[in-house]
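You will see chain A twice below: alongside chain B first, and alongside chain C after that.
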Partner chain A sequence: MSRRRRDGGVPAPLLVPALLAVAFLVLPLAGLVVRAPWSQIGPQLASPGVGQALRLSLVSATLATAVSLLLGVPLAWVLARSTLRGRSVLRALVTVPLVLPPVVGGVALFLVLGRQGIVGRWLFEATGFSLPFTTAAVVVAETFVAMPFLVISVEGALRAADARFEDAAATLGADRWTTFRRVTLPLVAPGVAAGAVLCWARALGEFGATITFAGNFPGTTQTMPLAVYLALQRDPEAAIVLSLVLLAVSLATLLLLRGRWLGRTVSA
Partner chain B sequence: MSNRSLRLTVAAAAVLALGACTGPPAADAPAGAATGTATDTASTADEGLSGTLTVFAAASLTDVFTTLGEQFEQQHPQVDVQFSFAGSSALAAQLTQGAPADLFAAADETQMARVQEAGLVEDPKGFAANRLMLAVPPANPAGLRPPEGQPGLPSLAEVLTSDVTLAVCAEEVPCGAAAAEVLAAAGQPATPDTYEEDVRAVLTKVELGEVDAGLVYVSDVAAAGDGVVAFAFREGEQAVNRYEAAVLTAAPNPAAARAFSELVRSDAGQAALGAAGFPPA
Partner chain C sequence: MSLEAHVVVRRGALEVDVQLSVADGEVLAVLGPNGAGKSTILRVLAGLLPPDGGRVVVDGDRVWDDDTAHLPPHRRPIGMVFQDHLLFPHLSVTENVAFGPRSRGVPRAAARAAATAWLDRVGLAGLGDRRPGQLSGGQAQRAALARALVGEPRVLLLDEPLSALDARTRLTVRAELHRHLTDYAGSAVLVTHDPVDAMALATRVVVVEDGRVVQAGTPAEVARRPRTDYVARLVGLVLLAGTGAGTTVALDGGGAVAVAEEARGPVFVAVRPESVALYLERPAGSPRNVWPLTLVSATPHGSVVRCDLAGEVALTADVTAASFAELGLAPGAQVWASVKASEVAVYPR
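So, the complex of A and B:
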């Protein structure tokens, strides 16, 4: 403890680029705040479309994160711990959505899950259900784009975690599932939480795959980024207001989560 | 398939263009300007046009302007024509945010007026018109067709049924304003299921067979070829968009922009627009 530097000094070669990075990342945000037509905020917030879009964004991003956790954490474990052959190919494949332009992702989803798609056609013929242009399609599009963020984050945490705890659990007679549940998961909980936050944030801002695969209909598929994009074409000031609302809500959520969730697991 | 992939590129470009309102185009400008000054002195024939010509054009003009752009480059080998195709209102928004362009071609007068009010263009000139048709996938999953044995065009209400999956443009873009107008005139025979960001996005969804019908321009139907089947309807005759083009007052290459605008309004340009399905202005 006593070895920690008390003055908190940051070496200049780190300080200068770090300050530049802060300026680069924060100034555009400041620009939005400065240029915001504050007198319009009240009427904008009162318009029914905004609440609808915001609610839809929060619900769909949260659902997308839940799906990502359910499927992504096991996938991360497979990538980090299993001795499966071709893991590196698998890793490259499942992170493709990171580099794929989201619009192309949306079209790819059509080709598989659309009512003319490989899987979607069969579903449509059997049940009459067609996924595109529904809220479920928004969740699917967001999950497709955001899940890799969670997988990468959790895989990194798994790799960094000390595998000897798992070995110890195994020598004490725990099977692999119990070890995963009782040892591995608590060990990487901060990584899972960080990945979930990243995934949620990405899903919240998702635009391209959503507008392509889910379309744009107020109340059903029009999330905040879509509303912002269309508002930008008609009334840029309204778009700034909408963006600020989305920013405020997401910042508040992230701060709250970081304080409670990440903070507690780290200190525990 | 090549049509489709072209359209995907357009859709991708539209989204890239969104990101570009603040950044990338500015990065292109100095390069274009540099080419201009470098070749200005070297150019000899054809009125001394050179450099980069940046044209912001409505998404519905994608095919015909691409063809005209190639013609223009053949006539003026020193000129490199760059297009940015997107919904007219997205382009208008980019221009008012200072995006560098030489020529703006909008799909309706409203979007041109926005740019004109911002003092960015003078004297827009009409060069084409367009009206809406109801496009359906070739398989026509909802079995939409106009009633038979009836003289003249049917009403949209006679073709559309209320239970179809319908895609239209968002009201913010010109084709969406026209779509709202024809649906209202026909007594709202169906409710749209999605409001797309531009007309090519509507067309893509019809071609993919993901919607039963979409309201698109006559010219898009021509561009889609066998990809869609389309019906004209009475209300479409009342909601006609007038396309306008104008040279930006701050154009880096105004001479080339004027020349391209003249090409579009020339007999050759009008013939190309006619061949692409645009009714004459």
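So, the complex of A and C:
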């Protein structure tokens, strides 16, 4: 009996902090659900401001994910497959935005792409277009913060994939581009999908870089997280409803990734 | 469609330096232990690994590799079969076989038709819509063979094509592979560590050890007259090196063996373990090859017990299980071993 208890049981010094941690992580979300003005949800969501923010968030996060796929998958391939020297340095540089405070990312983007920025000045003089405080700036900020998630995920999938399939394709007359399109990409498709979902979720929740680089203009740059923050000061009910929507999206993301990130531990 | 290759590759401790030459319709087996550099040679021929030196020339004037040129793998008219088939898991079997023609510019319909025809030839008619994961090991390896052969490659490379199969499947696939290799007009190179594959499939064998060719010849020559311990063990012979003086060979390791043929100078002596007889007492009469030896180890080997012996001459004897029991042998036992001079093969080193 005592033996069974020892196998199944958790020592109190571990159990108590663990329960506290669970409470700490779950209670705020539960509170959000409990305090939600359920009867107000319909009207709140229908109000023009909320709908606008939601639409802008979905569109910009999707665009940011598309840009990340277009640029990030090739980058992941270079990191995983090429024999380029300095790859480890490159990988470190690429993952910096992962740990960088997003506000810092926003400031950095501003310094480079702003009207007075290194690239931005040239862009403005050539075309009269100024990137900051536009919807495009939202996409740029979100891409900057979210792309590393995709790159890391796809690179992991590429490393795990058997490179000998690529050898086989080469002996069948496929050049490296054909091999990438017809063999490598389909083989790592699950990894790319997981990376894209992760990237999209991160882009959807982006706050710091967006508000710094794109500002907070309803209709053009005010995404959901920005709207939540603003609403909390004048209309807490709206803030709760918006938060619920973001929570639902996050949970849906987790469900999508179930089996890949949950259940099986760090296998990707 | 001949292939002439001198492959030089340095990889850490292993230095491969091997010359090969394969004529039309010939199947060359590269036989050797694991880590001898066999697969490295094949990867160089395929173009997957640029060599550190040497050259690969096809048809006398088409240079695939030399000091200045390296033709990438997808530009070489080759077909390659890998140990674990490596069929693309996301494509159907037909799409797998059609992959080569498609990437070499054959229109879709024609490529599929060629693939279907080849699936017929390897006995997989009707399975083209399956995924590779739904095939048995033998079926998958047949599909891989069809995939390699469908483009009528000038050079066919086979990397341990049978070693991932179970024993029964291996027999049937080996027989089919033999049939397809007989029909194949180009040059084929088969890498294997299994002497049975080499003997059954190849017209010529080169034995590679530590990156060097240690023996070359027809399968029968290699089987009858091994030149290294590795080959001798593979073909089930005990190999002893010595110096011939008439009908006696003085062994390098000490002792002497009487042989039936005249032999002079440095020679190899090969003894079949089943021709070695064991006795507890010195055998009566006066056979010339009799040695008192110590039994080192005994392992069951099919219907016989393989006895490794040490002493004046290191020998291996195969005795039936019954006589092994009768003799009451155990490791450490002292025995007399004898072998008839006429049973001993001798050939120049």
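Here is the rule we go by: the second predicted complex is superposed on the first by the 218 of 268 C-alpha atoms of A that agree within 3 Å, B and C clash if a C-alpha of one lies under 4 Å from a C-alpha of the other, contacts with A are read in each partner's own complex, and residues count from 1 in each chain.
To be clear about the criterion, a residue touches a chain if its C-beta (ideal position, glycine included) is under 8 Å from a C-beta of that chain, and two chains touch if they have at least 3 such contacts.
Because the structure is predicted, anything quoted here is derived from the model rather than measured.
After superposition on chain A, the partners chain B and chain C are seen to fit next to each other with no clash.
In the superposed pair of complexes, A:212 makes contact with chain B only, with no contact to chain C.
When both complexes are overlaid on chain A, the residue A:11 reaches neither chain B nor chain C.
Shared-chain residue A:233: touches chain B; no touch with chain C.
With both structures placed on the common chain, the touch criterion links A:42 to neither chain B nor chain C. Once both structures are overlaid on their shared chain A, chain B and chain C have a minimum Cα-Cα separation of 44 Å.
Chain A has no residue lying at the interface with chain B in one structure and with chain C in the other. Taken in their complex, chain A has these residues touching chain C: 162, 164-165, 167-176, 178-179, 182-183, 186-187, 189. Across the complex, chain A meets chain B through its residues 101-104, 107, 110, 114-116, 130, 132-133, 207-208, 211-212, 215-218, 221-222, 229-234, 236.
Those residues of chain C that touch chain A in the shared complex are 43, 46-48, 72-76, 78-80, 82, 86, 88-91, 99-100, 103-104, 147-148, 151, 157.
Of all residues in chain B, only 8, 11-12, 15-16, 18, 21, 87, 89-90, 92-93, 96-97, 165, 167, 170, 172-173, 192-197, 201, 204-205, 208-211 touch chain A in the complex they form.
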